[in-house]
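Reviewing the structure listed below.
Each chain carries a letter (A, B and C) given by its place in the written order, and its residues are counted from 1.
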Amino acid sequence: MLQALRTQKPLVHCITNFVAMNIAANVLLAAGASPAMVHAEEEAGEFAAISGALTINIGTLSSDWMRGMRAATVAANEAGRPWVLDPVAHYATGFRREAVQELLALRPTIIRGNASEIIALAGGVSQGQGVDSRDPVEQAEASARLLARTRKTVVAVTGVVDFVTNGERACRIEGGSSWMPDVTALGCSLTCLVGAFAAVNPDVPFDAAVAALAMFAVAGEQAEANADGPGSFAWRFLDSLAAIDGNSLSKNARILPL
Amino acid sequence: MLQALRTQKPLVHCITNFVAMNIAANVLLAAGASPAMVHAEEEAGEFAAISGALTINIGTLSSDWMRGMRAATVAANEAGRPWVLDPVAHYATGFRREAVQELLALRPTIIRGNASEIIALAGGVSQGQGVDSRDPVEQAEASARLLARTRKTVVAVTGVVDFVTNGERACRIEGGSSWMPDVTALGCSLTCLVGAFAAVNPDVPFDAAVAALAMFAVAGEQAEANADGPGSFAWRFLDSLAAIDGNSLSKNARILPL
Amino acid sequence: MLQALRTQKPLVHCITNFVAMNIAANVLLAAGASPAMVHAEEEAGEFAAISGALTINIGTLSSDWMRGMRAATVAANEAGRPWVLDPVAHYATGFRREAVQELLALRPTIIRGNASEIIALAGGVSQGQGVDSRDPVEQAEASARLLARTRKTVVAVTGVVDFVTNGERACRIEGGSSWMPDVTALGCSLTCLVGAFAAVNPDVPFDAAVAALAMFAVAGEQAEANADGPGSFAWRFLDSLAAIDGNSLSKNARILPL
């Protein structure tokens, strides 16, 4: 899949938050994809239809942007393009709770969130504070399975050890770095990378999500080796993403089927 | 205070400008806080009420965002949460001058600005150009004292040597680096960090402002030691922020009471 | 021109996209200019009139921002200030195609784009995908000359070897680095730097564009020498921009008149 991504350089349409825009675009470029940030209602639908995949992130939501997300998502569905939902802190306010329910009803191909977000999305009680998870991934696994089955989607929960399920199959992915939560918007960027892998493998979104998470985990582990803090980790992480190829990803990924 | 910040990891609600969003979030994470950027009128008030502190920055202002700032500020006041105002280039246009007067009337707990901004805010004649100060901090000290007394607030003026006053007490803070003005939005990020310290010390905002400025000054000095320019300074600065603990902050801070 | 830029530190009013805002501001600061991002219709015109130059980039366009761009551009023209247009992916949607035609009619002093953008702007058939060019610069040279003559403007096409023309004079600029397309928004940042040089040399925009492109090419080449990937390239590039002076720019620039 990574070789396909590098060869095809798929156009990934990202409607993400203001904090994530720059780092997410750099993550996609380092991985080999072609990112485009297009949010206006006037063009988001038209743009989604010419893209390989769409990613939606509600981090810095507003009513204007919600209109663009709606237009893009509907168009992606009509064009048969995969789309990924990142329900940032959806439990925090009424505005967010409503938005995420509407987006869920538009049938995301994949949902990527932290443990608190996934637990709350499945109807459980989470300990999340603002945009940060305060629940371990293991506690979100049952919620993720439930959400995947009821919504007929793939759910990826990221944290110390990641978890991916389509309701039937499931696996854990080890790796990454303890610096990752201290670099803002890496989770949001991962959502965009999941979109890039879905663009080159639209028929098996479970595999696409696993591949993207594995690539992040391997790059995180490699970047940590020489990092002295979150600042030096961030640029080393981009260097590692760019340096990974199909062989090193296969060799270093620690994917544990359940 | 820094130990409290690291232990409590306070949720800091930031409504800041598009240039600052990413670096401000990274600064807060490196220092130990939990940043969240939430600006929409539909949820800014609700979010401010669940946060430890609020910071407002008018750098890339628009009428939409002004509505969110108003909602958040009113809610922070009602919930008894401290809030920090960063009046970026408020003297530059009529739109900004009106906005800052309205925000001032909502009684910020702390104001953080450069010398030109503080002089103009106190009614003086500044030499500011765009977002850059062209006045030395020393020339803003009288303006800062006046502003603090008339508005019953804490005023922090940052530059080569910083100055903080609540109208009665005052001190200068030395340190930092000559690279800091060449990294965009570090001042805006400092405003957010002031909010983080205010969240863990809401009753003594003067001390909170001093602590945040001292942490920035120490991290700046340490980052400069190995930097070759503004690019390498920026990531070293984040590494330094993350590495500072209560002891090294106390040992290295140069706070001069007046 | 670079010495004038460092001495005058011109105020450059940038209305650019959300992805580019931070890196563009850092590029301008490293080069010696004073960037300001001001987009709201309520103040964009007033701000353009007090700035040395204006730059307009449609990367993350919306109707609201289009109103600010219109106000700023009209005011820049009335005040006799140079302004630079960056027509990001203008061929991708109807919304963008309309916006760019309206902006073209407002007579930009300089247009900076990639080959696909310039070919499409001159009425040709481009291979562009999203925001990425898929045409070599050489294939855009005739389009650039045509566009410069018919629109009475300077056109700068950037890629492996850059090309600048005012319809009569033309030159190529060699240098740069193969990492540059893998760092997001460097092209957008270059547009802002073109604005900075135009601010200190408003009467000869051809020379201003050539100088900005040459400075980017030299800094790119120097940054590549020690970079291991796009992450380390990005901060080294800022260090290089800040370290270049008039002498080293003259010595290392490879400008080939045609």
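Simple rule for what comes next: contacts are C-beta pairs under 8 Å (C-beta built on N, C-alpha and C of every residue); 3 or more make two chains touch, one makes a residue touch a chain.
Values in this document were obtained by computation on a predicted structure and should not be read as measured data.
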| item | value |
| --- | --- |
| Angle (degrees, nearest 5) of the CA superposition of chain A onto chain C | 120 |
| Self-contact between copies chain A and chain B, residue sets same or different by half | different |
| Centre-to-centre distance between chain B and chain A (centres being mean Cα positions), rounded to whole Å | 32 |
| Multi-chain contact residues (two or more partners), chain B | 18, 22, 64, 234-235 |
| Complex interface listing, chain B residues touching chain A | 9, 11, 13, 18, 21-22, 25-26, 29-30, 34-40, 42-43, 46-47, 50-51, 64, 234-240, 242-243 |
| Interfacial residue positions of chain B with respect to chain C in the complex | 17-20, 22-23, 59-64, 89, 92-96, 129-132, 181-185, 228-232, 234-235 |
